[in-house]
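Quick notes on the structure that follows.
As written, the chain order gives the labels A, B, C and D, with residue 1 at the start of each chain.
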Amino acid sequence: MAPATFYKKLENRVKKTRDKVVPVEEAMSFAESGLTLMIGGFLAHGTPELLIDKLVEKGVRDLTVIANDTGMPDKGIGKLVGKGQVRSCYVSHIGTNPETGRLLNSGKLEVNLVPQGTLVERIRCGGSGLGGVLTPTGLGTGIAEGKEILVIDGKEYLLDKPLRAQIAFLKAHKADKAGNLQYRGTSANFNPVMALAADLVVAQVDEVVEVGEIDPNLLHTPGILVDMLVVGGGER
Amino acid sequence: MSTKDRIARRVALELHDGDVVNLGIGLPTLVSNYLPPGVEVILQSENGMLNMGQVVPEDQADPDITNAGAKFVSILPGGCFFDSTMSFCIIRGGHVDVTVLGALEVDQEGNLANWVIPGQMVPGMGGAMDLVTGAKKVIVATEHVNKNGKSKVLKRCSLPLTAQQKVNLIVTDLAVMEVTPQGLVVKELAPGVTPQALKEATEADLIMHEDVLVQALA
Amino acid sequence: MAPATFYKKLENRVKKTRDKVVPVEEAMSFAESGLTLMIGGFLAHGTPELLIDKLVEKGVRDLTVIANDTGMPDKGIGKLVGKGQVRSCYVSHIGTNPETGRLLNSGKLEVNLVPQGTLVERIRCGGSGLGGVLTPTGLGTGIAEGKEILVIDGKEYLLDKPLRAQIAFLKAHKADKAGNLQYRGTSANFNPVMALAADLVVAQVDEVVEVGEIDPNLLHTPGILVDMLVVGGGER
Amino acid sequence: MSTKDRIARRVALELHDGDVVNLGIGLPTLVSNYLPPGVEVILQSENGMLNMGQVVPEDQADPDITNAGAKFVSILPGGCFFDSTMSFCIIRGGHVDVTVLGALEVDQEGNLANWVIPGQMVPGMGGAMDLVTGAKKVIVATEHVNKNGKSKVLKRCSLPLTAQQKVNLIVTDLAVMEVTPQGLVVKELAPGVTPQALKEATEADLIMHEDVLVQALA
């Protein structure tokens, strides 16, 4: 049901194109229990901590989270996991968050482990109209079980399906008001590809500048992919 | 005002403020000249740009900024350059709101043929197949009849298709027609065009209600 | 046979990692008749004109060219086509070069037309170990003939296979000596993806700077993908 | 020098100047401390960096630059940052020359198990499956026996695999072994290790020639 309410809200909203900066509450008004969320970051680096804190505050539950990992108990997605807000996740790693393993073993959290390179391509497929990824990764291992294997020119490939979300919560370094994003260092990771693959894309950024202030040759995520900008969260 | 300009002007009314729009080469390019007041669109160029500006004379051009027809253009504030992988992730992924293309033939099922005339002309599809497949709304902008006076709006395309059942709206110098599950519905007639005249100029089956609008544009 | 000689030469070469700038002749010593080449550019913008001129000068023949298009008669890949050096090509467009159409009609040139978005993904697959692309583009059209159609979650997709080349000839704006590349404007187009998909990657650049002079956050092509840098050709 | 350091030092001899190398977390990370003179490698970190430098103390760190173990690191001149799509195009596309990983189990067919112990430990595979599948050369660096004294070098892995038949070389504290179509060939013995002692410590079938080298490293 939750997605239906979400889509109704999304349809009724006035799309902003010139100044996408919003109060964090406006972004959070779209977050509901039962949604599928993509959250950027790699072991809680390049993760939108402010947005996660607000999700914890709002107390939305039964979330499906698509992300590289489940962070640490006190950092990143770990904060949502610790509060029992996540029902299912698609991640490549849970080893840095013992709480995820505990919930998995007690049957309270469904964990779909996906090789990192396959995970990133599944998100890219979901965001770019492709039907799936054909990868050699995982052939002959347990993760191939139940999956279709295609033989192309004599070589085997696993078929893995696209992933999409209702909302993507991203973290970028700098944005212009039109939503064009720049990342720094290794904080890009899953953020750019997630910008393609959700119905609503919210980016937490350290800094927003006027349109035209960033060299259009040196942008990482085109502004048309980003719906809302939330500034701050920067205890950096 | 030329026929092509009149078609382009009518297409422009379909665009909303903030839409991401890809305009094909030729007639569709003219659409950006006729945007209503208060409507700014973000032009996508499949060779790697958003917020594309106008064509720039060669002596004032930045040699590294061209449109998909190899003409020098400007980029507007808020714009962004990217490579062809990102460009087609945007196009095929449904991130383009509207694409406007010309047609050799278009039919009542929403099929479009605009990339090859076997034995005569094989320019290639370029990005057109991806655009028609991926854009949220596909508008065909074309003269209603070809140079030999034959209808370009058909029951069924005879030329090789660009995409199957993807066209949403057909805007010609004679009418505006919407592709629906029921068939091709005439929404507007150009000034001076009678229902009878439209039917005679059209090979496709047309669904025409009595209260069909006459285009407000003169 | 040509590829065999090429691979032998490639195996015997001393890989450069610190200063990849070479005289254009050194890069051209790898170009032989019968090879498959990728050439960057979009209607002869972002095309390595100097490298193409040298290919014309060397007179290598029976080339298979993978590129967005065949340029214009006097520009870009059109210069190779005009000299009859290309036997086969994989391109999305030939309309700006009437000579391509003429050679096609007389049976002297094999033209494989591929939708632009599919072409770029086929190159990406070839360069990143993926088995092929699953795209809706071309369904129900003539280009679907003879291709496998997969039904994934009730939707149809065409399976298109990876493309690779022996040499990729790229054009970039700026490089550091380690081969890291920056593009300008719409001149990136197919260049970045081709850097992944060839056994030898040669980039013509307007300018080379010392390692460390370009911000590592703002690079477009990682230097490890580029084998040789040729400076110049800049009548820009 | 610890056992782990001795293994890492031996692995370092397998690397060539200019190689692009991905080092797994734990023991493999130590390899970069033992590169022979004149050998500089380009470290790839799957979270999005080439030319990764050393770990940096937290109070001197750039908060946006971390390695795949979430530790703060530096980037060396000539380095480059990129996102996860590019990182795995590089990894799966064969652009990484060597990857060095630890093992729970490794076997004589080149199978590796290092990501899960069912019922006990499920950390996930992270990027390991892609690295082992895509890298040109896969080196397993591990202690020869586990904490219970049981051989980690097996006839056939019993734990869930990370990848099938992808391992090229196994370096342990007892020996260097190459996976060949004929089987597991012992290339070197660690100083003080007799052929008999190696065989007793190893569950896998070993092919050992009479002239097997003793590792030059003390």
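Criterion: a residue touches a chain if its C-beta (ideal position, glycine included) is under 8 Å from a C-beta of that chain, and two chains touch if they have at least 3 such contacts.
Treat the numbers as computed from the prediction; the structure is a model and nothing was measured.
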Least hop count linking chain A to chain C through chains in contact: 1
Chain B-chain C separation of Cα centroids, rounded to whole Å: 30
Distance from chain B to chain A - Cα centre to Cα centre, in angstrom: 34
Centroid distance [mean C-alpha coordinates] between chain D and chain B, Å: 56
For chain C, residues contacting two or more additional chains: 121, 124, 129-130, 135-136, 183-185, 217
Residues within chain B bordering two or more other chains: 75, 81-82, 88, 92, 133-134
Pairwise touch network: line, ring, star, complete, or other: other
Each pair of chains that touches, named by its two labels: A-B, A-C, A-D, B-C, C-D
Touching residues (chain side chain B, partner chain C) in the complex: 45-49, 62-70, 75, 81-85, 87-88, 91-92, 111, 121-130, 133-134, 160-165
Parts of chain C lying in touch with chain A, wherever the complex brings them together: 121, 125, 129-136, 150, 152-153, 155, 157, 159, 161, 182-185, 217-218
Contact set on chain C toward chain D in their complex: 15-18, 124, 127-130, 176-178, 180, 196-197, 211-212, 216-217, 219, 222-225
Sites on chain C touched by chain B in the complex: 42-46, 68-69, 72, 91-96, 101, 104, 111, 113, 115-118, 120-121, 124, 135-143, 173, 183-193, 220, 236
Touching residues on chain D, where the partner in the complex is chain C: 17-18, 20, 40, 42, 44, 50-51, 75, 77-82, 86, 88-90, 92-95, 133-134
